Each structure stands twice: as structure tokens, then as C-alpha cells.
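Just below is one structure, and these are the notes that go with it.
By letter and in written order, the chains are A, B, C and D; residue numbering begins at 1 in each of them.
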Amino acid sequence: MAKLSYAKALNRALADELERDPTVFVFGEDIAAGIARLTAGLAKRFGPERIIDTPISEQAFTSMATGAALAGLRPVIEFQIPSLLFLVFEQIANQAHKFSLMTGGQVAVPVTYVVPSSGSREGWAGQHSDHPYSLYAHVGLKTIVPATPSDAYGLLVSAIRDDDPTVIFAPASAMDLREDVTAELVPVPIGSARVHRHGHDVTVVALGHLVTEALAVADELADEISVEVFDPRTVYPFDWAALAESVDRTGRLVVIDDSNRFCGFGAEVVATAAEELRLIAPPRRISRPEGAVLPFALALDRAIQPGRDQLTAAIRAVMK
Amino acid sequence: MRLIREFEERALELVKTGEIVGGIHPYIGEEAVAAGVCAALRADDQITSTHRGHGHVLAKGADPSRMLAELCGRVTGLNRGRGGSMHAADLGSGILGANAIVGGAAPIAAGAAWAAQRKGTGQVVVTFFGDGALNQGVLLETMNLAALWRLPLVFVCENNGYATTMATAAAVAGSAAGRAGAFGLPSIEVDGMDVVAVHSAAASTVKAAREGAGPTLIEAITYRFGPHHTIERKIRLAYRTQEEIDRWRQRDPLDLQGARIPAPERDRIDAEIIAVIDAAHEFARSSPDPDPKDALDYLYASGLVARGGTANG
Amino acid sequence: MAKLSYAKALNRALADELERDPTVFVFGEDIAAGIARLTAGLAKRFGPERIIDTPISEQAFTSMATGAALAGLRPVIEFQIPSLLFLVFEQIANQAHKFSLMTGGQVAVPVTYVVPSSGSREGWAGQHSDHPYSLYAHVGLKTIVPATPSDAYGLLVSAIRDDDPTVIFAPASAMDLREDVTAELVPVPIGSARVHRHGHDVTVVALGHLVTEALAVADELADEISVEVFDPRTVYPFDWAALAESVDRTGRLVVIDDSNRFCGFGAEVVATAAEELRLIAPPRRISRPEGAVLPFALALDRAIQPGRDQLTAAIRAVMK
Amino acid sequence: MRLIREFEERALELVKTGEIVGGIHPYIGEEAVAAGVCAALRADDQITSTHRGHGHVLAKGADPSRMLAELCGRVTGLNRGRGGSMHAADLGSGILGANAIVGGAAPIAAGAAWAAQRKGTGQVVVTFFGDGALNQGVLLETMNLAALWRLPLVFVCENNGYATTMATAAAVAGSAAGRAGAFGLPSIEVDGMDVVAVHSAAASTVKAAREGAGPTLIEAITYRFGPHHTIERKIRLAYRTQEEIDRWRQRDPLDLQGARIPAPERDRIDAEIIAVIDAAHEFARSSPDPDPKDALDYLYASGLVARGGTANG
């Protein structure tokens, strides 16, 4: 029974797709050396025609991937830090995402953008600790934040095979998670949620590394409150049918979200639930504050991120 | 060139009549650049275009009828009425699309060139852009990558002296050639009003790119006879003099080339082209408008259906 | 009694601040010619040292404004098209916005970014019809969308005087609105809402040009339903106190939002209301669809935008 | 230089002990660049720095104690513990900040230079960046604007041969000087291991900028003796050979300069500096940590209070 790490799962998914499909290749910085782990060992195995080290020209190589996709290839881009997704916002949101509709369906842009260490990295401070998945979901990119090694594997495979541009965030705090993988690793469909723990009092929606936090809180509260831990796995498109099924049973909703509060993922889940689902208590959001900038000092960095205490308090609040 | 000129004249009328909504960036005066460059390309070669793209799209071989239908927002248009003037694309003709973002298409062209190089198809890609794009970072990043990887890519700078109201000299420190040189790209400056001169420059650079000699820059010195965009009609702008415009009009690319063609031949071509444009207009006019309920079609190649909006509740 | 247009109000606000404060200046493309109307006549009046035509280098001049602000100046930047705010996302969200906290309060970055024609411009299609105010609110920029000429004047003045970076979107569909200006034009505080029409059945939250639509619908429905039209004027920070006051009276909420549905402004308003306010009926959102890209053909362009019929239907729905 | 070296050696220890969280990008080997350039600046001149910024910040005159306190995340730090290694700033000393985005600081420096020019303060601004930034669009856009407007700005490229693991030759088509030339900027290549050579190049370019002659580029050829970042310790990287590192170490900038200073003098300086660093370490260690409830302080200069988060419920 093999222990598989989250980082290794991403690495294996990428390797399997490179092996299976000759049109897949990777652009990124320092990916031959594989310092971000996503591409570890791949340059040796697939060579410099498939694993391409790029200069620090993110805007150019991001749109180059779009052009290569128009020519029938399936590019994967590794971004070393999450804020690079700010730098290439034009190239992804205004070019790659819009090509299919603007051309009247003449083309597809099957590019996969991977951030193999998103969110806080403890001590990387203001410009290297962002978690911009809500931004990409808002503009309409398929946006994925896997929580476990097997989901990281299955969702990266599906993203690469998907015909639309897709962004995958691998939270830095999840990269070292390990899982006992018994079954064979398989693709996980984009847009399908997963219930990690069943419960009947309250549905807690959590993504990525926060699923681990939610499960821990659910354990702590087990004797008093039965918590269902719901992991959408994909931010957009969101699995509303699965959420409805869960909330129909629990009637209560708490969302924990590592992006900024205002117009964040948590807002979307709470808003749609308020519009469409039957809630017996007001829903609650836990998130980064509005306009959050992560301060350097560790205690401050942590104070900005959504945590267990807040989640516990929110769960108790909706049970009142 | 005559086709482009007639097409643009007709399009200008349709903007006035309201058959074309949103206006256009007319290419009138610059026809020799698109015509000369595209004449040097194979059918399977590719181009990217700009906000001022009608000339490039027609010169690369798109059907004028479907192009005009696109400008009129009809389902029979190149983009099924979804793109319009600034996004006209025809992948079948190697047209990767006009692009509404200055400099935005260059790296897309480089990606297509990279794919062609990788597959060994022998295709060459041409990216057209204006002098204004010379100051857009992503274009400069692209020159570096194209040079570094010896991509089969030709950069064609249409230097018409202005970026909207801003004179090139007021915006560009150094020059187009200097920028190319910085990355080791050879460059050729050419008279953009003379289609023969443009063609010979294009032929040599395209041949070099096809043979693996890497990218080059062509700077075509040209001039737009009309407004930056048709809205300019509504506002009086004083960024250039009538006298300057008149001076350039004396070097109308159509006259320069026309003088090289025997009159009867010329008249025959002109007549043919008028017929083509009339047919195109008739085609566009008689084509159906898209149905509002299909407004979200093609948003996702995978068929994902977005929530919200009138289109789907 | 003077009729003041929205475009002219913006122009006058900028002129008044240039007059009042010598540290104010403007960067932008074609602003000497004033083609976007915001700067009409200002180059002649204030000269090329205050009204600076820039090359097409948005990323560089946007961060130059940040540097000039660090040196004590108050830059205003005009962006010709809304998608330029995608191109400079790094410079605004990752640099200008973060400087104050990252430096421990050593500096302020009082830059004002103005888009004098945001949203659809009928026929400008996919890459020129965006309305990215929710994106900027999410990252924490002060984000303003005025609905009337006098608010456009008062909010632009306040934005220029504000010590934080601030984004103002002037919807293309609002630029030609005219208002009878009786009183003197005054600054309008950032973060304060305005009720354009009082009602007791349902609160309709609308921004910018959609305020006009909301008022029209309120009129149509006047005999059957009493609609309150609530204009936050500022997306972020949002005037929650004023919304609470309104919803306490009506108990019902509908939000109309010209940005994309998922993680949009509408989601934030509905989510916060669901969490904190007493609603007697499920709230409703009207918005652009998820991941919206505006098609060129006029009928399609309009079908993507939130409209009166949807708003009317939503109001009826919450009254059921 | 000795101060920077000792500071970095101490910082490396503190990364090992965990007193510094998140690691650092050590400047060891490149000291002559920061020291030589900043020695040519006035106290009211300004700089922008990079992710590898400790040397620039110290050379421009920041207090080593407050700098080390910043790296340790203490309230007594330059940024009150909010910035850390990659964002250290000291406006009072003309340090507009280290910047964690490659190329990101150049336009900020240009803006400060533009303001100085406008106010006629006679200040000069220096923007430091690495060879990797030569391929970042915004830096190239900035060169154009600086040249166009003759800003009192000096571009200092620290070419240490690598961008993380990528050799400059594999990333840069053309050269640094070629890029400057493309925009009409004069440039000087200098031995970045020789502080005297760097200083004389800086002195002349800074003087020219101060006198209104406009911007220039200095390319300092240098080398980092240590890892790109302290995490490199954990991973084995083979992008350069030990032999190459050893060869460069023979041109250690401290030895080159040290040889020019009489031994007793040198020993006195070394002793002084050790004392300064010990004091800095003591200062940092004894300074208080920020209070988590203040996590959102300074987010808005206007005092706006954000909602959400543990910091304020």
C-alpha cells in the first residue's frame, strides 16, 4: 500500500498525460530543474521539446500557449508563484478564455495553467501569498482546487484533457499531504463535488487545504454536532446539484474560503444557497478579510487566513 | 488592394447607414502592406491581425461575403456574427484572428509558429501590428522568445505615423529596427505604399523563416488616409494637418500599382471587384441575424452551459 | 438651471481638482485630444506637464503613477477601454494596493484609475465590453460606479482626494445621461449609498447605468409593487448600514449587476444579506451570465446584459 | 561590502535556526554592485530593489538593526514586520522598496524619477534588477518611457549569469546593452566584482542623470556565490558546476577591495562590523513580535477597516 504525496500525485498526472498524448507539453520557469516539484524528473524523461524552460516573460509564453493550442497542441503552463496569475490576467481572461466564443466556435484553447504552491507559504509575504481562484472563477475560467493527492491526480488529468482553458491551484499547505492510495488513480470529472464526511446538522463547504481543517473541526465537534464536509473540488463550474442534496439534509451552511471575502467563492456559495436552497438558519462565511494583503510576520500571516477557531464558532452560530 | 479599398468604402457606407454597428478602423491607404505581405504566403501559412484588420483578413484569402456578413453581425459571418470587425477570424484560411488588444496577437502568432516548427510543417506565421505596439511589453517579450527559439515568424510593423492621435516620434524612443536589433532580429524597412516593394521584402523574409533562418521584422512605412476609427467623424481632432494627408494621398498605393497595369486590364479588375462587393453586400443583407437565445453558444468548447443571463434564465 | 451630462461632470470634477491641487496630474492615451471626453479641453487649460499623453505602455505608466504617488503626487490615470484593467492587474492589485501594508504604513498610494466608458459599448464586442468592477472590489481596491452626473462629479472628486488607490468605472451607457443641476456640485463620500426612490415592498440594489433601468421598472410596477431603488454608488467599501436600514423596511432583496454572475457584486450583496439581514423571501440576482463574453451582434450583446424583463420577473418572484 | 557580507552570513544562520521564517535570497558575491552604486548617491536620491535586496537596502543607508528586525518579523523592523526580506523599504533613506516581482520595481522607480524631474529636486533614482528582468515586458516599456522623457533614472542590471536555474545565455537573445540601445539609452558594462570600477561607472551616470542628460544602463557582471534562495539547500540542483563557483570565488569582491586597504585598517573595520551585526541581532532578538489583532493595520492609508478575518471577527 503506497503513500502518495499531493506533489507527487500532480507530478504523476502530468507524466501520465505527457506519456499518453504527444501533443501535451509544458512551459514554465525552472521546470527542467523541477524546483516546484510538479515537473520533477520530467525533463530527463521527456526531453527539452516537451518540458520547455522559459525566460521570465510570462505574458508572452502564456499567449504562446494559446497560439500553440490553436494549432492543436495541449499546453500546460507552470506558474512559480500565484501572483503571476495577476500578471497574465489579460492573456488568460481576455484572450484564451474568449477565443471560442469570439470566433463563433472555430477554435478551442485547451491550455492548463497550474500553480503548484498557491496561497500562503509562511514568510513569503505580500506579493507571494495570494489565492486568486475567485478571480478566475468570476471571469469564467474552469477553476480547480484539489484537496487530496488522488483528487490532485484525477483533476489535473481531466484539466489537461479538457477542451477549455483551465486553472488549477495546488495550495502550498496541501503539497505535502500524503494519502494511502489503494485503488488505481483515475481521472476526476471537472465540476463534481465530493463529500469527505457525512453529517446531518450542518454542511461545511471547504476547498483545498481547508478540507483538512474542516475535517479536524468536524472531529472535534463530533459529540455535539454532526458536520458534513463538502468539497466542491472545482470552484467553477460548481456542483450545485450535490450541494442541494447535502443542504436538503442539513438545512445549514457554512463556507470556509481562503480567498478575500468580498466577491469571493464563499459569497457565491452563500448567495446561490440563499436564492435556491432551503436553509433553516442564516448561512455563514469564513474567509480572508476584504482586500487582504498577507503581512510577513508569521503570527500576522496566520491571523489573516481563515482558521479552525473561526470555523468552529461559525458552526456553533448556525446551530443556535 | 482594390478589393480591400472597395470593401472598406462599402463598409464605411454601412457604418453610416447603421448596417454595421460599432464602427470600424478603416485600412484605407495601407492596402499595399497586407496585399504585398500576404501575396508572399502559402495558403497554409498563418497570420494574426489587429483592430485595423480588414485588409489582412481579405488579403489572406477570407471570403469577402462572409467577412462583410461578419461586420453586419449575421450568422453567415466568418465568426457567425460573434466577433465583428476587431475579432474576425478564419482558421481555414490561416487567419488566427484580428485582435482588439494592441500587441496582444504577437505572442499568439509566436505560439502558432512554435507549433509549426515543432511539427515540422514548414508553415510560416506573420503577425501584423502598428507602430503603437512597439511600446507594448508583450510584443518585446515575444521578439526575444522568437529570436531565442528561431521561430518561423515574421513581424510586420505597419508604421502609419500615429497611434490614434499620438505621433510615432512622440511615443517611440529609438526605432522599430532598433527594437528588433536588440534581440538579434534582422529587419527591413520598406515603402509601405508600394505593393511590389512590400512583396519582395516579404518574399525574402518568409523564405528565410521557412528555411529555418528564424524571425525577422519588416517595418512598412505607410499612412492611413481616413480616421483612426469611424467615431472620429463625430469629434474634430487636430493631431495631423489636411496638408499632410493630401501629401500622402498623392502616393496612394492603388495609383502606384495601377500605373503598372494596362488600363483595360485595370478596368476589368475594377469591374470584377465591384461585382464581388455588391454580391458580398447582398449576401450580408439577406443573411439572418443570430437568435438571442443562442447568445452563449460557443462560450465553452466543452459545451459547459453557464448559469444566469436572459439567454438561459 | 443647467443641464449637466455625466461625461461633462467627470470632466469638470477632474478640472476642479487639477485647479485646486497642483500635485494632481493625468496619464493616459490620447488625453490631450480628449477623445474619451474625461479630459476634453484640459490639455489646453493645464498644459502638457499636467495632462500627459502616454505611449501604449499601460503597465509601465500605471506603476509610474505608483512611484509618483510615493513621491507625494496624486496621479489620475485614464484607461481607454475596460479590459486595460486586466492588462494592469499586476500593477494595481499586486503593487499599488499592497504598498501601504507591506511597508508598515510608511507610504500611501493615492492614485485614481478612471475608465470613462466601461461595460458594453454596442458593437465593440468581446474584448472591449467588460465590466470588471467585481474583480477590483475582490482584491480590495476602492471601487466606484456612479449612476448620475452629480454623483459622477462628487465621487471622482472624492476618489482623487482619497489616500488609497481607487478605481472609477463610468458605464458607457451612462456617459450621455443628463441631469438638471440646481444645487452646487459637491464631493460625495466614498462608501455612502443613495436611495433614488423609496418603497416598502422590495429593495432593488442597482449600480451605474442600471439605476436608470431599475427606476424605469419601479415606475412600471408602481401600481402593484412599491420598489425601493438603492444605489450603493461605491461597490467596495459597501454601505451595509444603509442596506440594512432599507431591507429592514422591505424584507425583500433583488440585485441587478452588470458583471459576471459567479463571484460578482450581486453575489456579495445577496450573501451578506443572507448572513446578516432579515429577509422574508429568498433574494434574487440579475447579472451577466457566468464567464460572460459579449458577442458582437447587437441582439446577442444585449441578451448577455441584465435587462428590465429579468428585473421585473425577479421582483415579481420575490413578491410571491 | 563587509557589512553586507556579515549581515548575510548572520541572516543565513538565522534562517537555519528558524529565527528568520520563509528564507532569503542571499546577496553574497554581489556586494560590490550595491556598495559601488549607492556610494555614488546622495542621501535624498532613491532606489528600488529586488527579491535579492538586502545589499541594496543596507548600502543605501538603512539601519542594519531595523533591517534584521524586519527579517525576523519584529515590530521594530523597517516595515514593522509587515514586509520581510522581499519588501524591505525605508522611505526615509530613499529606499522605495525591495520588490518580489521580477521587473516590477523599474516603472515605480521611473515614476519617482518623473516626480523628481517635475519638482526639480535634482534627485536621481536607481533601479536595480537582475538579468532575468531583461525579458520582462514592463522593464522594456519603462526603458522606452525613461528615454522618451529623459528621466533622471539609472538602470542597474546585476547580471549574475542566472535567473534561478536558467543561464542568461539561454534566456536572453541579444544583450542588456542592446536592449538599452534600442531605446537610445547609453550603457556601460562593468566588472561587478570590483567596487571601484562599479563606483566610477555609477558616479558618471548618476552625474549625467542629475544634470538632465537622461537615463543610462549599467550592466554589472557579477556572480552569486550561494543558492538562489535558501530553500535550494533542500533540493540538489545541477544548473552550475562547483568548478564554476570556485572560479568566481577567486574574484571575491571583498578580497579585491580588501587588498587595497592596509591590514590594520581592515581589521578595525571588520571588528566594527562584527559589533554592528551582533548589536543588530541582539536588537532583533529582543524586539517584540507584532500582535495578531493588528494584522490588518496599514491595509488602507485612509484607515478603512476591512470586514472578515480573525483580526476583526
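A few notes on this one:
Here is the rule we use: a residue touches a chain if its C-beta (ideal position, glycine included) is under 8 Å from a C-beta of that chain, and two chains touch if they have at least 3 such contacts.
This is a predicted model, so every value here is computed, not measured.
Using the contact threshold fixed earlier, the set of chains in contact with both chain B and chain C is A, D.
Taking each chain's centre as the mean of its C-alpha atoms, the one that lies farthest from the centre of chain C is D.
Rounded to whole angstrom, the centroid-to-centroid distance between chain A and chain B, based on C-alpha atoms, equals 39 Å.
Remark: chain A and chain C have CA centroids separated by 30 Å (rounded to whole angstrom). With centres taken as mean Cα positions, chain D sits 34 Å from chain A. Averaging C-alpha coordinates per chain places the centre of chain B 44 Å away from that of chain D. Residues of chain D in contact with at least two other chains: 79, 81-83, 87, 99, 101, 135-138, 141, 144-145, 148, 170-172, 296, 299-300, 306.
Counting partner chains per residue, chain A has residues 55, 57, 59-60, 83, 87, 90, 94, 101-102, 125-127, 140, 237, 262, 285, 290-293, 295-296 touching two or more of them.
Chain contact topology: the protein chains form a complete graph, every chain touching every other one.
Considering their complex, residues 135-141, 143-145, 147-148, 170-174, 178-179, 181-184 of chain D touch chain B.
Of all residues in chain B, only 20-23, 70, 73-74, 79, 81-87, 99-103, 132-133, 135-137, 163-166, 170-172, 232, 235, 237-239, 289-296, 299-300, 306-312 touch chain C in the complex they form. Across the complex, chain A meets chain B through its residues 49, 54-55, 57, 59-73, 75, 90-91, 94-95, 99-110, 140, 142, 162-164, 191, 237. The part of chain A that touches chain D in the complex is made up of residues 29-30, 32-33, 35, 53, 55-57, 59-60, 83, 87, 121-128, 261-262, 285, 287-293, 295-300, 302-304, 306-307, 309-310. Interface residues of chain C, counted against chain A in their complex, comprise 83, 86-87, 89-90, 93-94, 97-98, 101-102, 125-127, 130, 134-135, 137-141, 236-238, 259-260, 262-268, 270-276, 279, 282-285, 290-293, 295.
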